[in-house]
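What follows is a set of structures to go through.
After this come two complexes, each holding chain A, first together with chain B and then together with chain C.
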Partner chain A sequence: MAEQPGPEQSPSRRALLARIGAVAGGAAMYQAMTALGVAAESAYAGPVKLEGDARGASVLVLGAGVAGMVAAMELRKAGYRVQVLEYSDRPGGRCWSLRGGDRYTELGGETQTVGFDHGLYFNPGPWRIPYNHHAVLDYCKRLGVALEPFVQVNHNAMVHGRNAFGGKPQRYRTINADYQGGIAELLAKATKQGKLDEAVGKQDQEILLESLRAWGALNTDMTYAKSVLTSDRRGFDRDPGGGLTARPVPSEPVAIKDVLSSRLWSYLVTGSLYEFQTTMFQPVGGMDMIAKAMAREVDGLIRYNAKVTEIRQDDRGVTVTLRDAQGAGGAEQVRADWCVCTIPLSILSQIEMNVGAPMAAAIRAVPYAASVKVGLQFKRRFWEQDEHIYGGISYTDLPIRMISYPSTAYGTPGKGVLLGAYAFGPYAYEFTALPAAERVKRALEWGAALHPQYKDEFDGGVSVGWHRVPGALGCNGAWTDAKRDEHYDNLCALDGRIVLAGEHASYIPAWQEGAILSSLDAISRLHRRVVSA
Partner chain B sequence: MRPALLLLGLALAPLPALSQADAPPRSAQQRVGEATSDSHGFVSATRFGQRDGGALYAAICAGCHMPNGRGAVGAGAYPALAGNEKLEHTAYPVGVVLHGRHGMPGFATQLDDAQVAAVVNWVRTNLGNAYAEDPATPEEVRAARP
Partner chain C sequence: MAEQPGPEQSPSRRALLARIGAVAGGAAMYQAMTALGVAAESAYAGPVKLEGDARGASVLVLGAGVAGMVAAMELRKAGYRVQVLEYSDRPGGRCWSLRGGDRYTELGGETQTVGFDHGLYFNPGPWRIPYNHHAVLDYCKRLGVALEPFVQVNHNAMVHGRNAFGGKPQRYRTINADYQGGIAELLAKATKQGKLDEAVGKQDQEILLESLRAWGALNTDMTYAKSVLTSDRRGFDRDPGGGLTARPVPSEPVAIKDVLSSRLWSYLVTGSLYEFQTTMFQPVGGMDMIAKAMAREVDGLIRYNAKVTEIRQDDRGVTVTLRDAQGAGGAEQVRADWCVCTIPLSILSQIEMNVGAPMAAAIRAVPYAASVKVGLQFKRRFWEQDEHIYGGISYTDLPIRMISYPSTAYGTPGKGVLLGAYAFGPYAYEFTALPAAERVKRALEWGAALHPQYKDEFDGGVSVGWHRVPGALGCNGAWTDAKRDEHYDNLCALDGRIVLAGEHASYIPAWQEGAILSSLDAISRLHRRVVSA
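Take a look at the complex of A and B:
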């Protein structure tokens, strides 16, 4: 769901991969990616088949997020008696959309009332689905959740740096064309000067030059310069037209040294990554359409406002102690033969639970990342009307990090809601620590550097800092490779009568695909245990 | 929501992020453009800019432990730092700030030694805590790093 494009990043597996790619080339990067488990095809092999007799066994599912509801749905289908306990008053967990009239109270007690117009929404959590997240897409298909394209790359959106081009936002299109053209010209020059003779044979050099010309839009003299050819990539000063105003006016490319020093090239890569490649999808009407469809499927099984305070297993079953999440009433106990626990580790690490030492250590080992999103409503869709930006994402090195325009309802009159900030790391902590209204105010101030219309057109906003979400206490499990080596298998293994599931028990952290695949894997192992007993 | 990601921007840069070593200090370039923020807030995507203990608390800790230090309770809880006896000695809070604890992330790569000492000392002497003796020092923090 998340990305951290551009300069000033924190360390990650992906950073490592990027460097491998930069240093050793694509093949080496792909090899490394496969080794790290990111490039291989999805582990999803179609609807799960839980064959064999469950003999009326009962399962308690903790958490009605995507992982929990998938477990409930499939286990019930396989003949289990299922009950789901959910802390909050709605299904979905982090699969969540905010709409006009919704009230959201964060930890600390501040309540925001969403003032969006009818039909407008904002997804504080997951918001896009890669084409290779086969499990999510299959559940959407099976549950009748309508999808539409999510625009990730928009060539007419902006890339912006405080110190790039005097702080003036640039079109993705022009930076992309000029970066590529500039690199092609440099490589062509080096080739012609014989500097690549050792790496590329003479015959292949001809092909290389031909390909550089095509790839970079080089002119016949192998330069990347102002022309109709290059403007066909970067856009014209005046577009081709009809009649007497037909003649196009080419635009002047930016010199490669200026593109490089601007560092705006760093925003060009995202859309090439496996998880962000075209086609991406979103559910029509908001990400929580998935949650709602799943909740319909497990209708009657979910008990809301149930705060789990203790999980205790013995030889014959699992007893879960719960309290009303609003604080009313005393403790209560629920019992089942088995337990699928999808409670985020940020919370589970605080719940008394008798599992073995390896799983207990794993539960305590994973910190939860900071992330913040701000949704902004404007009086009109000025990004479309004034700037011809239809969906997609503008990137910036400002603390908001990006602005994403709605990939739906293009050209409609009336108000529009966009994603006005999506930050991680220090910026996310700093946003989270602010009062909600102040987060919105900052997002407006920073976003105005890309869109001056912000000031006049602003109509209201809502912000979600994930560390303050009462049922999550953080955005996602922030694994490191070292922690995975030590704890991951122990976290996922069936411990007596308890198995864990969720994005934290996957190699696709913070994506719904990880939650679903983890859940399917967990219940398959649980079921094998049950039928072989 | 995924924090881990697309760091291609660093592909041509040196690799401080992969080492355990302290990242270099903020460049002058990173200080530009903060007119709309407080003087040392929101200065970098990878490091906190505040130097003052109270400012660091307000920018980081307050997100979970709350501005008044009383913590919060949801499905799980953030412990109160106000009147917290675990703050009596510096070793515990220094360790938690650097390495995290359970769901709480560590800040070893995002704060330098002086910042960690500053925020620890601020918490130990504010929010109803009065542990002014034996304050944390940058040297102590350095020694506690992995």
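Take a look at the complex of A and C:
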């Protein structure tokens, strides 16, 4: 989850936007883009400074996800007495990695035991960090979380459509080169025929033609046709070599009309979106390295297995009622002067809490997006060995939507774990409804359309449907623009002694950056209130 | 060197191609592309199989670069008695890394002592490995050379032109987004005005428009104008955040005519070229990890400091005369049944050798390309800390041509070494003629146009001009297509008991892949001759 329904999911997201655009026109389209959290560079201004005396005030932080732990870390540093209540038995929330031996019980009671080999992992939640998510990167740096590049675009990965090229997967590079070359040729032709004379001055037309030739790999006659030049983008039929058997054989481009009707062009945009531009990162060893590093910082402050059942504030403080998450023992109450609540709205909306009507309405207003991820272990890294795909993502219009290859341990022998499905929207609901083993089986069947090796090489899988994750009940807050206009500020504003934080209280929904920035903003406002009281 | 005048050097290479195209028309352009070694996926078919009995035949391998060491390794495995003669005092040839404490004396006698911090390095020669260079990757795998991703394209890196935008560097992402959006808008407008009716059918026009809108980030009115949608490609004026201070502010795109006249579009092609597509690699710790791993394999076979002065064959074998490279002692002769000669043609053409007229002419025919690299150490990784550039390359039309940031140790404190210049063509000759310190000084002055921090943060540099490297005398064999037609096969063919190998004997000039494939082809032919004799 985490980025769902983030900008990457080009096809469905684009389809959705196109629908909105078609029905409601430009303004709605614009607003929908905002609502979907398309925009994303961080407004992080460096380590938060909470100046002024907290005078020993106490804070209860609800939730030990990234937002909650950041709040705990920074508030303690500023002199607060902090306690964190966490529903599950581990820190991190959606910042989570599954490894061999891990057991995960979803809503409905089904338990999966992960059978991955030592050193292999799967991130059910966030799995990559954009270069422009400065807060996440800075916390990684400060907490010593080692990062390595995450490969988003791989020119040698596949793009696949059930009805495109007879269902045969294509290489990203061929579709990318042929689309670019095809439209460059179209525009060059129109320019040379004088059809752009109104739009572009004569001198600019010359530079335009020169640029199209360079950029589109057009031959000197301004066509995008079979040549060494075009093969230097899309690849060769026979590659150049050394010695006497070296001469390359160019490949035949796909005509632009066939590229267009294949609709595989819809996957080309992936690496140009702000959050998916190079250089992206991932923590070495799994995304939960961030959670673990934060948990070390707030060591001793977190009480696990604490299910919050009621949040009640008065003039002097906040009382939280809790029970053991496993159901042992009776109700218990803890009290503090202030409360930073990072519980997902999907759950918070079911907890009794005396906040004002505006915040209460906001909490109820935001539905949670659905997503399902499937991690698959294979006996060998066949995508590297057979297909020379090192990291990156293949895309498909099948319900699995994509296959993401590990951006680490390239070329190593032994087993490998890849992301075998990242379904969202209607597909995700359908997927979530299935038993876990069935989800894995479907991911295998669909994925075999891209990689026939799936059948022989499969070695175990695990699946996480976010609407079945206890403590989350969904992937992320799915704001619409109308809801944001009405409720967002009310959700974020301090209500008496309670303030909310988390990705749902940000303009970067579904990303850890949103969670952290929301948390920093919330505790800054809380602190100002405390200091000025 | 290594890739010079490889496909990446878009501006000069493109300018050259454009000149050829303008003067000589399409066929010459096509041939020039071939000559420049544009084409590049490997024809590697897996580990070489030298079957049949070598009957204890002996081979002299001249040169312990990558081609020579591969020949030695594989021939020994096939049962040959192998000796390698190497001019310098280290293995690897152009596969070379400079580290703190290293001393390098160039032609002319000037010695540089490298002052880099522990763990930092600079590759004067090859510095990256394409995913389609299967032979290099396979040798890395077999020899246990650890690889990590090399970042070629970084959307947050700079593109810079002296006359573009008042000399102010732009982010790659803004020029990329605005060029793409600009031409998408132009083509969409022409399509809607019916100007493409001859070229594209009505139904395809609809898909074309849809694709342009998605791919170019066009708004619903099919313009590429300021919006969240376009800022999601080029970046925001004010980035989205969390809590109550979160609302993003879109940025204003640059008009297509200004993008065109800036000529910065010429740098956009870099990541689409076959050899520069994701995912690229580099050895962890420096390119010479490959050389060192190969040298371990042929441990004891290499005689260093051996300057070959004559190569003479007769019906029974080959006699090589050598002297100590430092001038100590007199001439000496070694003899073997066969000879695999990987000495660069720039040097081989000066060595007496009795081969047939065709090979002799081929050896004399190929000039060597010029290139200069400058490695700069800075007190801190300001490109990451100040500018959020993690790996990748900034481009400029200044003589340094580019600045490449280290694709490793991201976010670490302490010093960092970057590639501060990679000059080629006329710039390289001019650079090479200067004393080493002056080359570094110029690189600093020019680089400061992109990074003003250069002045305060500089902490030492080293420069290598390949025409001054003893044992290389140039960067790589610079074939023209006419020369290739006339001489290439003669260069590669077995001449009596002598066969040549190296990047110059391949269709992948300047790349290690060419050297290895050439070597494998050469020894395979040699072996067939031995076995069938």
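In this section, the second predicted complex is superposed on the first by the 492 of 533 C-alpha atoms of A that agree within 3 Å, B and C clash if a C-alpha of one lies under 4 Å from a C-alpha of the other, contacts with A are read in each partner's own complex, and residues count from 1 in each chain.
Note that in this section contacts are C-beta pairs under 8 Å (C-beta built on N, C-alpha and C of every residue); 3 or more make two chains touch, one makes a residue touch a chain.
Since the model is a prediction, treat every value here as computed from it, not as a measurement.
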Which of chain B and chain C A:Gln282 touches, first, second, both or neither: neither
Dominant toucher of chain A (residue count), chain B or chain C: C
Partner chain in contact with A:Asp397 - chain B first, chain C second, else both or neither: first
Partner chain in contact with A:Ala43 - chain B first, chain C second, else both or neither: second
First (chain B), second (chain C), both or neither touched by A:Leu147: second
Partner chain(s) touched by A:Leu273 [first = chain B, second = chain C, both, neither]: both
Which of chain B and chain C A:Gly125 touches, first, second, both or neither: first
Which of chain B and chain C A:Pro248 touches, first, second, both or neither: second
Partner chain(s) touched by A:Gln83 [first = chain B, second = chain C, both, neither]: neither
First (chain B), second (chain C), both or neither touched by A:Arg263: both
Doubly contacted chain A residues - partners chain C and chain B: 7, 10, 14, 18, 21, 263, 266, 269, 273
Parts of chain B lying in touch with chain A, wherever the complex brings them together: 1-12, 15, 17-18, 29-30, 32-33, 36-37, 41-42, 44-48, 58-64, 66-67, 72-78, 100, 102-106, 109-110
Chain A partner contacts - residues on chain C that touch it in the complex: 7, 10, 14, 18, 21, 25-26, 29-30, 33-34, 37-44, 131-132, 134, 137, 140-141, 147-149, 151, 153-156, 173, 176-177, 179-180, 183-184, 186-187, 189-190, 195-196, 199-201, 204, 207-208, 210-212, 214-215, 217, 219-221, 227-229, 231-233, 235-236, 238-248, 250, 256-257, 260-261, 263, 265-266, 268-269, 272-274, 277-279, 281, 388, 390-392, 407, 410-411, 489, 492-493, 501, 505-508, 513-522, 525
Complex contacts: residues of chain A adjacent to chain B: 1-16, 18-19, 21-22, 87-88, 94, 107-108, 125-126, 162-163, 167, 263, 266-267, 269-270, 273, 276, 307-308, 325, 343-351, 364, 366-371, 397-399, 401, 423-427, 429-430, 432-433, 442, 445-446, 465-476, 478, 509-511
